[in-house]
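Paired with chain B in one complex and with chain C in the other, chain A is shared by the two complexes that follow.
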Partner chain A sequence: MYAVRFHGRGGQGAKTASRILGTAAFLSGYQAQDSPIYGAERRGAPVSAFTRFGREPIRERGGMAHPDLVVVADASLLEDPAARLSDGITEQTILFVNSPLHAEQIRAQSALPGRITTLGVTEIALQHFGQREAISALLGAVAARLAGLQQEPLRQAIARELGDLGVAPPIIERNQTVALMCYESVQVMARESVALPATIATTFHTPVYESPSRGTARISATGNSVLRETGGWRTFRPVLVADKCNGCWLCFVYCPDGVISMNTDDRPVIDYDHCKGCQICVHECPTHALVAEREQEGGVAWTAR
Partner chain B sequence: MDSQMMTGNLAAAWGARLADVDYIPAFPITPQTEIVEALAKWCEGGELAARFVTMDSEHSMMTAAGAAEATGARVFTATSSQGLLYAFEVLYSISGWRAPLVLVNVSRALAAPITLESDHNDVLAARDSGFLQIHAETCQEVLDSILMAYRIAEDERVMLPVIVNLDGFSLSFTREPVSLPDPEQVRKFLPPFRPAHLGFRASAPHSLGVAVIGGTPYAYFRHQMHLASINALEVHREAAASFEQLFGRRYDVVEGYRLDDAEDVLVMTNACSSTGKAAVDVARAEGKRVGLLRLRMIRPWPADAIRDALRGRRAVAVLDQNLAPGQGGILFQEMAASLYHEVERPRALCSFIGGLGGQNLSVGAFHAIFEQTAKAGVSGKGIGPVLLYTQAEHREMTQLQMVAAGSVKRET
Partner chain C sequence: MWQRETFKKIKQVPGEEHVLPGSALCAGCGGLESLRLATKVLGDEVVYVNAAGCFTMLAAYPYTSFKGSWLYTTMGSAPAGAQGVRDALDVLIAKGRLPKSDNLKVVVLGGDGSTYDMALSSTSGAMHRGLDFYYFCYDNEAYGNTGMQLSPATPYGARTATSPCSLQHPSGAAQEKKDIFEIWRAHKPPYIATVAPRYPLDLEEKFARAAAFTGPKMFLALAACPTGWLYDPGETPEVAKLAVETGLWPLKEAIDGVVTHTYVPKRKPVEAYLKLQGRFRHLFEPIVQTEAIQHIQARVDAYWERATREGS
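== the complex of A and B ==
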């Protein structure tokens, strides 16, 4: 069995990419399975998806303990422990990172043991489609190449999956063309068979009774949301043009996450560690004093812990 | 027959579409929503000639479903978790009316605390409602079981509603290759619904579910329901044979996996059985003589099939993906009751509770289950309920408790 895990942010198309790979494998004559995992999050939150294929029936379900290939749709996830990107990665695992940086530069930044390969898929999407979210077909293509699938089933899989989402035929064709470019340009790495350790029995903890103040699903800590930094969810960030601000406080009122505070001069101060980039403040500001700026790799959202 | 990648939810919708249902009352709930979305689209587009109605709650939805079925329409609906519980009192009325609709439940663990992922306390809460229950392991089985469910439910010897169960996430959102049966063949398998005791004609008025005071009539009707449910075992056998002949796939009330020379047997249900089978393969490769028995039909309870599969084994472990607080595993109790009078009953019965709320069960966890079961078999002394919780899970939980109690501060 070949096991591929996709990590992305809600809205980037990691789930669709996993489906393109699953369908491409299925059309290649393999047994295949794909599945996403997500909770109650929104656009920008870390999501993952799994594709498995092989000659034998797929018995594994759900979470993937031993991926052969990990596809990272957003390099900022490398630094987000909530993405659990490192789970089950060994020295044999192929780790694809969507980044214009060279593999060696990513290696220097991250402590992951996998064999890294990169391609700036987002830049390619911006160049060809004018938008950075349209990367599902491109990620699917990169994954298909690294997983050893052929071009024709990939082309068909892109048509089926994007077609199911209601994408218009001319756009599907452009996706196929650009996806095949990505397929050709990603640096291929041979699969190194993962020598799985012999199964050892899991050590269990025997549950013991604890007082209801511990044993009830109850949060007594105040203000603990600050522990979960969500700045990395942004695609755009709101930026204040100070001389346009009339101090009306509407941004403060409308911010759904309470990350805007007002200073003594009645000017908003944005907590970029937690702002998710919903742009409601930008939309509501009556004087257009808040503007949306695209996040760049290495920018504010990037360095948000 | 054409095969395509399909989620368990979409397979469920296809089951209803191929069964050519007449009426679909709906209310959305994660992780079931994709089922009713697909059906709504098909009803709108004319691919399915059914009336699709969105209701204000699951209670109304089930009431509408039962009432429509009582007029002689073929009815399909679907829910999950809290939605099933909200519809609960109506379930008992529908089975009492002997209205054989099919309800898909997408298992999701119950609140509180609230979650989205699967375990089976929702569907097993309905085990005494009079609905038959078929629990599926794969997306293909979801579709096929819905077709079988209508055939069994609408048989004169049964006339009881059926719940077809699939796991949230691990089937509902998971795509696998699913072969779509040919509609013509489905029509052969599933003749039109023409119930003698149901219908709605001004010229032939009747009253259904009437009041009965005093136990005599009440007990009679309850006994009839029980006998009807037991009949479903034989009707299932016939339906399975006919299904296999037409579509080439065979489903029995229980499924044995590598049981032939197995000393110890693990009993499971639903999608997690796939993981259990993989663990059996690993254990077999290490020379352990283990196998797996998957319970597919939960109501009626297939006691004979269970006894036949487990007679003479050394030890049996039941892995319940549910927990009855103050008791233990729900299916373990029923397994123990089935095996008590078996002369060659297994030397030890072990009860494990795992996979609650989508909790991961690793190959290592199954390894530990097999080890403990083998030990119990040797000593002749069963164990449990064992609440499966790994050291790693315990560490993660301890960390969460610290966050919840405010003893973790933000690094600055």
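== the complex of A and C ==
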């Protein structure tokens, strides 16, 4: 069995990438299984997805403790403990990181043991689609290449999965073309199977009854959500071009998360620790005084101060 | 002609925040945008009674975005929970155990799945008893928290996880959106209003006006939803604006059952609104489903013709 774990942020297409890989493997004649996992979090928050395929029936279910290949859709996840990216990674694991940086640079930053390969998939997507979130087919293609699948089943899998999502045929075709470019461009790593460690000892815990006052989660603080930073969700950051701002307050009014405040000169002050990068302020600014800048190094989502 | 009395200029929107950042709600959430603006009038002296839904994420253990109190209930019972909280406050004040100055507002937060569907009987009961509370429905027209399944608030033609486009139903959802405003109005609560996040002064004014009434104060907020409606998060205000400008989301209030439209749009063709969202893309690609689009337009036209005839 070959096991692939995808890590992304909600909305980047990690789940769809995992489905594309699973379908491509199935169309190649393998038994295949794919499933995503996401908590109550949303767009921008860490999510993972698992694809398993092999010649034999796949009995394993659920989370993936020993991946052969880990696909990282967003380099900021490398720094994010909530993403649990390093789980089960050994020297043999192939680690693909979506980043324009060289593998050696990523290795120097992250200290992960796996064998790293990189490709700037988001840059490729921006160049060809002009959209920041259209990377599911491209990630699926990279994973298919690293997992040793052929091009034709990959093409079909992209058509099927994107078709199911209601993507229009011309856009599917463009996705296929660009995905095959990524397929060709990614540097291939020789495939080595991870030796499973001996059976993990299991212990059982019997829960003890607690009265509701103890057993129910209670928060005895007010407004402590600010302790949690959501700045790492951003792909683009809104930046103020001060001399264009006419002080109209609209960015402050429309910001759903309330991370823009107005200073005494009627200029917006953006709380980048919490701004999720939705770009509402950029869209609504009547004088184009707020512009979107691509985040170069993603921050860390969900860190507690 | 309806006029705003308290909120006339954008710079009257209070600067203080009452729903703090750091929550797990999606970037660009239209429901959060509406709630944030509403709380600028409601303040912090509030007990929120939250039906399970997306807003659960606002107070997911161990963090809360609220400076006020928060109580969690099932999807079907938030108005009943509000009754309990209101009664407890009244009893404590009557017995002198809570000074009158420490009285709190009780505000129900419910999504459309809860409001239009599971909590409908509980809401009806609360209105019937004349419970003194606010009801804030953030309507994103589907069960969003569980992955955008069809709800009774889903409009005709929308694609959801459980109303896919198929040969039998090429235009997605076959049912019409339930008219919850009229269901509420039949109960004759003192105040009902619809709001949309792109119309902040209209929204603030309605919350300011509602404060004068004792009894159920019912709010229906358009929660434009980038995740479920499939558009870029930055377009939330634009989508909300087009919902209003096409006439699909009328901005109105009802005082003791008497309806006034607080803004009468010139009514752009509904295509302008539909085209912006992935959930309606199948109406335009690969072939234009003219009949379905005309059906949506005809219903909007009929609504506004009746509204004009009735002079509301």
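The rule is simple: the second predicted complex is superposed on the first by the 219 of 305 C-alpha atoms of A that agree within 3 Å, B and C clash if a C-alpha of one lies under 4 Å from a C-alpha of the other, contacts with A are read in each partner's own complex, and residues count from 1 in each chain.
To be clear about the criterion, contacts are C-beta pairs under 8 Å (C-beta built on N, C-alpha and C of every residue); 3 or more make two chains touch, one makes a residue touch a chain.
Quick caveat: nothing in here was measured; it's all calculated off a predicted structure.
Chemist: Go through the superposed model and pick first if A:Ala168 touches only chain B, second if only chain C, both, or neither.
Modeler: The second partner, chain C, only.
Chemist: Give one of first, second, both or neither to describe whether A:His102 is in contact with chain B, with chain C, with both, or with none.
Modeler: Touch status of A:His102: no partner.
Chemist: Is A:Ala221 in contact with chain B, with chain C, with both, or with neither (first, second, both, neither)?
Modeler: both
Chemist: Applying the document's definition of touch, where does A:His288 land relative to chain B and chain C: first, second, both, or neither?
Modeler: In the superposition, A:His288 touches no partner, neither chain B nor chain C.
Chemist: Once the shared chain is lined up, is A:Thr23 touching chain B (first), chain C (second), both, or neither of them?
Modeler: After superposing on A, A:Thr23 lies in contact with chain B but is clear of chain C.
Chemist: Could you tell me if A:Lys244 is touching chain B, chain C, both of them or neither one (first, second, both, neither)?
Modeler: Neither partner.
Chemist: Chain A residues touched by both chain B and chain C?
Modeler: Dual-contact residues (chain A): 40, 217-219, 221-222, 224, 226-227.
Chemist: Under the definition above, what is the set of chain C residues touching chain A in their complex?
Modeler: 10-11, 13, 15, 17, 19-30, 32-33, 36-37, 44, 56-68, 70, 145, 159, 165, 197-198, 200, 226-227, 232-238, 278, 281-282, 285-286
Chemist: For chain A, which residues are in contact with chain B within the complex?
Modeler: 19, 22-23, 26, 31-37, 39-40, 58-63, 65, 199-207, 214, 217-222, 224, 226-227, 305
Chemist: Going by the contact rule at the top, pick out the chain A residues touching chain C in the complex.
Modeler: Contact set of chain A toward chain C: 10-11, 40-45, 166, 168-169, 217-219, 221-230, 233, 248-250, 252-259, 261-262, 271, 274, 276-280, 282-284.
Chemist: For chain B, which residues are in contact with chain A within the complex?
Modeler: 4-5, 112-113, 116, 169-170, 173-177, 271-272, 274-275, 277-278, 281-282, 286, 358, 360, 362-365, 367-368, 371, 386-391, 393-394, 401, 403-408, 410-411
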